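Have a look at these structures, which come just after this line.
The following pair of complexes shares a single chain, chain A, combined with chain B in the former and chain C in the latter.
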Partner chain A sequence: MFSRWNWVACGFYLMLNICSPDASGGLVQSCGHIIPESPVLPLGSNFTALCILNESCLDFGNIYANQIIWKVKNRVVPKEQYREINRTVSSVTFNDTSSLATPLTCNILADGQIEQNIYGITVTVGLAPEKPKNLSCIVHQMSKSTYHMTCTWDPGRHTFLDTKFRLRYSWPEDIFPDCIPKGVNNSCTFHDVHFFVNTEIWVEAANALGKAESDPLILDPVDIVKPLSPQNISVIPEVLPTALKLSWENLISHSVIRLKFNIRYKILGDTNWMEIPAEDTASHRTSFSVQGLRPYTEYVFSIRCMKEDGVGYWSDWSEEKTGITTEEKPSKGPPIWRIIDASHSPASWTVHLLWKALRPFEANGVILQYEVTVRDKSSLSGPLKKYNVTSTNHTLQLPNGTYEVTVIARNSAGASPPSVLLIPANNSKGPVTNLRTLPKHDKLWVGWTAPNSYVLKYVIEWCLVSSSSDCIIEWQIAPGNVQGIDLKGIKPFKCYLITVYPLYADGQGSGQSVKAYLKQDRPSKGPIVQTKKVGKAEAVLTWNHLTVDEQNGFIRNYTIVYKTIDGNETVVTVDPSKTEYTLSSLTSDTLYTVRMMASTDNGSRSGPDFTFTTQKFGKGEIEAIVVPVCLAFLLIVLLGVLFCFNKRDLIKKHIWPIVPDPSKSNIAQWSPQVPAKHNFNSKDQMYPEGSFTDVSVVEIEADDKKSFSEQDLKPFDLLKKEKSTSEGHSSGIGGSSCMSSPRQSVSDSDEGETTQNTSSTVQYSTVVLNGYRDQTPVQVFSRSESTQPLLDSEERSEDHAGGADSTAQRQQYFRQHGAQDETNTDRPCFERPKQITHADEGDLVGFVQLQFSGQSSQPLGLGMEKNIQEAALSNVFQTSTEGQTLRPETVEENPLSVDEMPKSYLPQTVRQGGYMPQ
Partner chain B sequence: GDSWGIFTFLCAALCNLPALPALNCSEELGAGQSIQQTYDLTRYLEHQLRTLAGTYLNYLGPPFNEPDFNPPRLARAERVPSATVDLALWRGLTDNARLAANYRAYSRLLCYLRVLDGQVGTAELRHRLAHFCASLQGLVLSIGGVMSSLGYPLPAGPAGPPAPHGAHAAPNDFLKKMDDFWLLKELQTWLWRSAKDFNRLKKKVPPAVVTLRLEARGF
Partner chain C sequence: MAAADSPSTALRRRDLCSRGIRLAGKMRADVVDLLDAYVERQGLDASASVAAVEGVPLAAVERWDEQTGTQRLLENLAAYRAFRALLAQMLEEQREQLGEADAGLGRALAAVLLQVSAFTYHLEELLRLESRGIPGEEEDGPPPPPRLSIFEQKLRGLGVLRELAQWAVRSARDLRQLAKPSPATGAAPGLPESP
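After this line comes the complex of A and B, so read on.
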């Protein structure tokens, strides 16, 4: 109970002590304190702190040192590190300060549990500064009289503490103000430098744990000067074309520091600098004459300087300055060559003189002009011809001969040595041998073997071979002692023609040419193959060579690949010089695909596929088949003909019966009435009526159909009519023919004559026979002559009675009455062939017209058709065409013919008979 | 009295010797380089003074900045050590005497110059004067170094503080300017003559030392 009160009292006292102001000890009277107060400790060292309690606290609060607890940043320090020195003092020991942290507090455990803080300290751990090392200084010239000395050093390890560096500078008896680095700890710059006095420079580093000094640097600042580079450089041409005078301004007075210099220079555009030997510029100066330069060349100069004795630093290189040397006369003549064109006339040449512009280091200035001199060597007194040319070529017209051409290049300083060329090429001299080429990267090396005699120089001509443009010659001259040269500017995949001429002192050797590629590629196109001829087992292929532009290299061979659709490929290699190849051993009647490939050293390319089919039959095979077949056919035909000939009687009997000739009958001797009847009767007897009628019917039927269709299409078709007429003749032996030319019956004068002229009836029969089989109207004509008067009257009447109405009327009349006057009908039938004959002799058109006019009076005529149609209403038999009307009539008439023979014999007569009443 | 004075001086000098790193250094590098350096410094000071004097005389204003301004030397300027000793007489002196005279003269001139420095109005001129003073101080040290390297004792006289400025203050501004004018003029004359002295002295240095120095250079 007591103890508890005691603790409470103690705690209260502590509170009071800490919180209440005390008159003697400031605001807070602490119960204790720690020694040392806020130490700075070296990293890694051991450290002991003491916490000392106030006596007053001990007395009142029963607080003793054994109750002390040490803490490092809220972490309790293990008890093992504590040591109770006496009642009021407790110590704590740390073997390594790196385990320390701030704050370190001394606490007391009041009343066994309540932890009270007595005191706390801040602990700082760090390192003492290291000795600065590697101190070095340099004096920079800032302006003409201003120098800054900058010193740098290695500050050493990090100290974790605030470490101050000071750069110190002193003379034996004077210490200058220190240089304090700003923002850095390893360099500092003095702005006031004193030359020619030995100076001691050192660095001091200091922090809470210690102080360190670098080794002193003893020097004269003038020995570490880096001067400013020379200024205002000017380059002035000297009298000599190979020298330039440089002058400049030094920013250091020679009375302060004497300088030495480096001068470097290069040709404008070059990358490599050349330097003037250092000995030449080892003393103080403000100008120097640079010699050994090229004339008329722009040079770039730059200078730097340092102290004359070489102690110190070189300045930076000055800004670059350029200058041009003066001109000098060209060092050599221009390389010259020629192209001789003798094509215009055999007696003279066009000589194109070509020369190359001198390179800058040869020209030594601006070439103002070239002087070309031409001397005829063949005539000693030949005048010199001089030309002043500004371009690099000149064209001369020269008669054939030997000439010496010289070219001199001239600039403002003088003339070059002459370049000489002999014209023409005396090609009898030996050429180079073993001309060859070899590609070398982007250049083409051309090599040759020199001829035996001494060669002054070689001319190498080359040009790009192209099918689209001319060969534009480029050339180059090589000295006589070389046997190879690199050609530049050669394009890959292009064919070049290279020619080498050796030039001798007294002429020129003949040129040797070689074709070359810098680089080959596969051809840009393949050859297009075609067949020239295709046989049964072979095909001749043909193609064109690739153009030079397409080749891209030397064509080494052609490859022909051919195959059937499902067959194996066959490959044939062909020499590149050929343009034709014959494929053999092909299968007949087979589709072949053929492709051709051109190959260079670097690859090949195929042309388009071409297909062809081999023939089914070889040459002569068809003939071998066709000829015998034809011969056999002919033989068969011949045999048939022979057979027919042998059996002609039999055949004639069957298909060509003999028709009796009425004219040969004795009917003419009979009286007109009786004999006519008799005659007809006899006829009937000769040809049985039935059979006759039968023939007639068959034939006319065929005719009917024909004419029926004809009517629909072409009522006036000439040929058909002709046929029908002729058939009409045959069918009715005059009956149908009369029907086809009814107009004849339209004559007024016929009436009497027809009745009177019985003879004409007889003649008619003759005509029909002739017309039917022989088709020879001549006979008919001769016969008809006897009846001419009748014809005349008939014709005349026809002319008068041309009207269609009257014809129609007559037709109608004829149909209604069915008049039976055969003589009337016979006559027109007889007439018509005569007219045809006339027409035949004349022109066809006339014939047509005649036919037309003849038909106009026919019942079938166009004009008649309406009438026919009208008539059909009344008469069933006459509704349609001629044939149709004819047949029933014929059928009807046949029975009639039994009573009246002349009327019934021919259908026409029936119709014509109708005409008779008129 | 004199012998005692010399004795004390020598004692002082001997005591001071090890304390001066520059002298140790001079010994190491040799008298030849020390003389060369002093000569270079003299030339450098001449060069500096040429521009500084121009600027300062302009600062003083007319008639002091006129090129042909050549006032008579006033009696009161006599306290500035004069270099107007007869040339033949000067050459007749020993090296030691000349070096000592130089040493004394520059030490005194330096004192007056420092006074001058404190009075200058413009910062730029003050800065340049300060720089010149520092360099002149270097010259005094250098001469001392040369004397040491040649085995001559340093003159004791001028080691004391300069004459108090107030005691010799010029009665008026013009006379003060006149003092300044003569100070600069005497400085120029002294520097010109010192350069000749050191050049002559340079030629007397042992060749071995020169060879050594050249080797050092070449390296």
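After this line comes the complex of A and C, so read on.
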């Protein structure tokens, strides 16, 4: 119990001692302290600290040195580094201060467990300053009487401590205020500098660990001066046109420092400076006359200075100042050339004299005018013509001849030497040979081989060849002893035409020309190709040459690339002079894609793709097929016609068998039924109007129907209907044609077809008589030997016999083939439609009867027949509908045959095939 | 002057003379500039006549060309020691009168004072080379100046500067004379002729 209270009292006392103000007036009365107090230690050295406990704490707190724990920044220092000196003092030793950190604290374990801090110190570790090295100074002239001396040095290694540097400056008997660097540790500037006294300058560096001084620098500050550059420079022209006088102001008194100078100059616009020899300006001065300059040239000058003895520093170059030398007469005459235009008149020339403006160093001033003199050399008494020109060209109208032209340039200082050009009557002298060009960077070198004769000089003409502008001639004169010249201002990718003329003492040679490029490029566009002609296996391609502006170089060749959609490319190279090329061995009826490329030395450019399709047939192939086929067809038709013509009797026999005329039959002769009362002479009496029905002769075969399909007949449906209606009031025709067919007559009515199907090949003939004038008609039957099928109209008339209207309207005729045969034998079949008749315009309605022969013996001509029939039908139909009536020649004859007919016939039985033609 | 100079002594004398001449030239230029500023700042008339300043030896002297080198050096040393004291007094009076209001004039005065001090050092070094003892400053120094009014101080300052300008010219000539090669020491390179 006592022990517990004792420890509590001890802890309370310890806290009280630490936290309460001490007797000496401090805030804290510590139970101990550390020696040394906040030391600054050299980096890498060893260090020992002592913690000394107060005696008072020993008595009340039972605290002893063996309870001390050392800590470096909350890290316990190993016990091995501790040493208990006595019961109140403990030490700790560090062999290397680099392992130290702040703070270093002395702590104690109260009551064996509670750690209490007794004291702490701050440890600073660093390095002593090194000796500053490389001290150097320079004196800058700031104004006319103000100089600043700036010294720099190497401060040495980093010390990790606050190190002060001071630049010191002293005379033998005076020490000036130190210069303290601000913000830096390696330079400082004195603002009060005095010359002509040896001055000692040194640097001191000091920190908590030591102090170091640099080696002293003993110098007279005047020897390290960098003066200000000369000011207020003026450039004044001298009397000589090749000299300029420079004047300036020195900002440093010659009584203080004598100076020497450097003068540099250049032509305005040049980049390279020239310098006056240093020995010419090695003494103090305020002016200098620069000689050896070009007349009338603007120069730029700049000056710098330094101490005359060369000790110190050069000033900066002064600001640049310009000046112009005075004029001098031109040093040479202007280069002259001419362009002769003889197109206007054969007897005179238009001479364009051209000369070049002198270059500045040749003109030596402003050229005021040119004096042109023209002398006719062909006549000694010819007047001397003078012209004063301000431009660089002059045009003269001169008769053909030889002239000497002189040009003089004049400025304010005088005239140039004359330039002479001889204009001969003709250029018959020898030309240069082997004219060639070679690009050299941005220049085009033109070379030639000189003629054998002595050449005074050469004139090189060149112009830019362009399709958009004229060739503007530029020219240049080269001395006679050269065989090549560089042309400047040549643009790349442009074509130039270069001509070289040799000038002799007594005339000039003819010009030699060459085209050249300074630099070539690929063409700016490709040729546009198109086809001129396309065949089955070949195509002729054509294109236009690229313009010279588009070429960008010499076109070396054209390349044609063509291919089918899925085929391989074929490449053809074409000579650049060509504008047409024929592609051969192409596949017929195939789409080809063609692309054309123009190539220069530096590349190629393709034009747009072009496509074409070869033809399916070659030239004449169609004709070779069509013509023989047509000829064969015509031949067959012709043979057919001939055959028909030769066998016409046989054909007629099969197609148009002769129908016996019942009126001429034998039975008519012997019939007892023919009374006298019926022997009328008058036609009207025998056959009153409307007393006869039509008689149609139809031959039907069962196979016929199959020969014509429904479709074949369809075009006639309309016609059939028309006929069907017309048959209601008209029936049959007496005649027939080779175009007509009995079957058609039958097919006019479905009923007829039915009948036909059943009646088949029954041969019969029926004569129907109406009663005369309301009298009961006498049915007279006359057997016919005809094998014609029963007429539809006949059946229909029977069917409608009771109909009064139909009976009344029906116009009945009897017509025999036999009569027609006689009249139509020699007529062509195509004329048959003319046989369509109207007996009476007032009573009869026109009709058409078509007879198609299903047994055509001319199959080849069927189509044509059909067509012709259709055409005929169309014509007839139109004619009919328009109400026009065709009156065939046979119309007059039919009634006659009717007149001859007996009124009645007796039926006659005839065996099939027993018919005997009459 | 010593009868025989070693080469190093001759070089040293030549160097001292050379720099002394240029220092005298610069000092004269600075004093002339300072005179203009001083007259303007002190409100004086540049053409004002000033009596001879007490304690300042006159630069003008009869039979100048008959003086020996040592005599020249001693006269110069006495004069510049006097100028150094007078200029220091002027600088003090100027600070009292104008304070920091005219720091430029004070800096110019201080600069001239430093040049006078430096020239004095040159003279002392030359005298050492002559193997002559340097007279003590106290015995050759000017007597303490009497208490003057401000205007009198200004006029005296003007007189000091004018006389200093004169002495600068004379000192340059004296040093040039000293730098001339003596028959005993042999030929020495010529020195700048100006000022």
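Criterion: the second predicted complex is superposed on the first by the 473 of 918 C-alpha atoms of A that agree within 3 Å, B and C clash if a C-alpha of one lies under 4 Å from a C-alpha of the other, contacts with A are read in each partner's own complex, and residues count from 1 in each chain.
Methods note: contacts are C-beta pairs under 8 Å (C-beta built on N, C-alpha and C of every residue); 3 or more make two chains touch, one makes a residue touch a chain.
Nothing here was measured: the structure is a model prediction, and the numbers come from that model.
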item: Fit-or-clash call for chain B and chain C when the two complexes are aligned on chain A; value: clash
item: A:E200 touches, of chain B and chain C: first, second, both or neither?; value: first
item: Partner chain(s) touched by A:I218 [first = chain B, second = chain C, both, neither]; value: first
item: Which of chain B and chain C A:P417 touches, first, second, both or neither; value: neither
item: Partner chain in contact with A:D192 - chain B first, chain C second, else both or neither; value: both
item: Touched partner set for A:P399, first chain B, second chain C, both or neither; value: neither
item: Touching partner for A:S253 - first (chain B), second (chain C), both, neither; value: both
item: Partner chain in contact with A:D309 - chain B first, chain C second, else both or neither; value: first
item: Chain B versus chain C as contact partner of A:P660, first or second or both or neither; value: neither
item: Chain B and chain C contact sites that coincide on chain A, given as residue numbers; value: 145, 171-174, 192, 194-197, 220, 222, 253, 255-256
item: Chain C contact footprint on chain A (complex, rising order); value: 145, 171-174, 192, 194-197, 220, 222, 253-258
item: List of chain C residues in touch with chain A within their complex; value: 19-20, 22-23, 25-26, 28-30, 33, 107, 110-111, 114-115, 117-118, 121-122, 192, 194-195
item: Chain B to chain A touching residues, read off their complex; value: 20-23, 25-26, 37-38, 40-41, 43-44, 46-48, 51, 130-131, 134-135, 137-139, 141-142, 145, 217
item: Footprint of chain B on chain A - complex, ascending; value: 145, 171-174, 176, 192, 194-198, 200, 218, 220, 222, 253, 255-256, 309-311
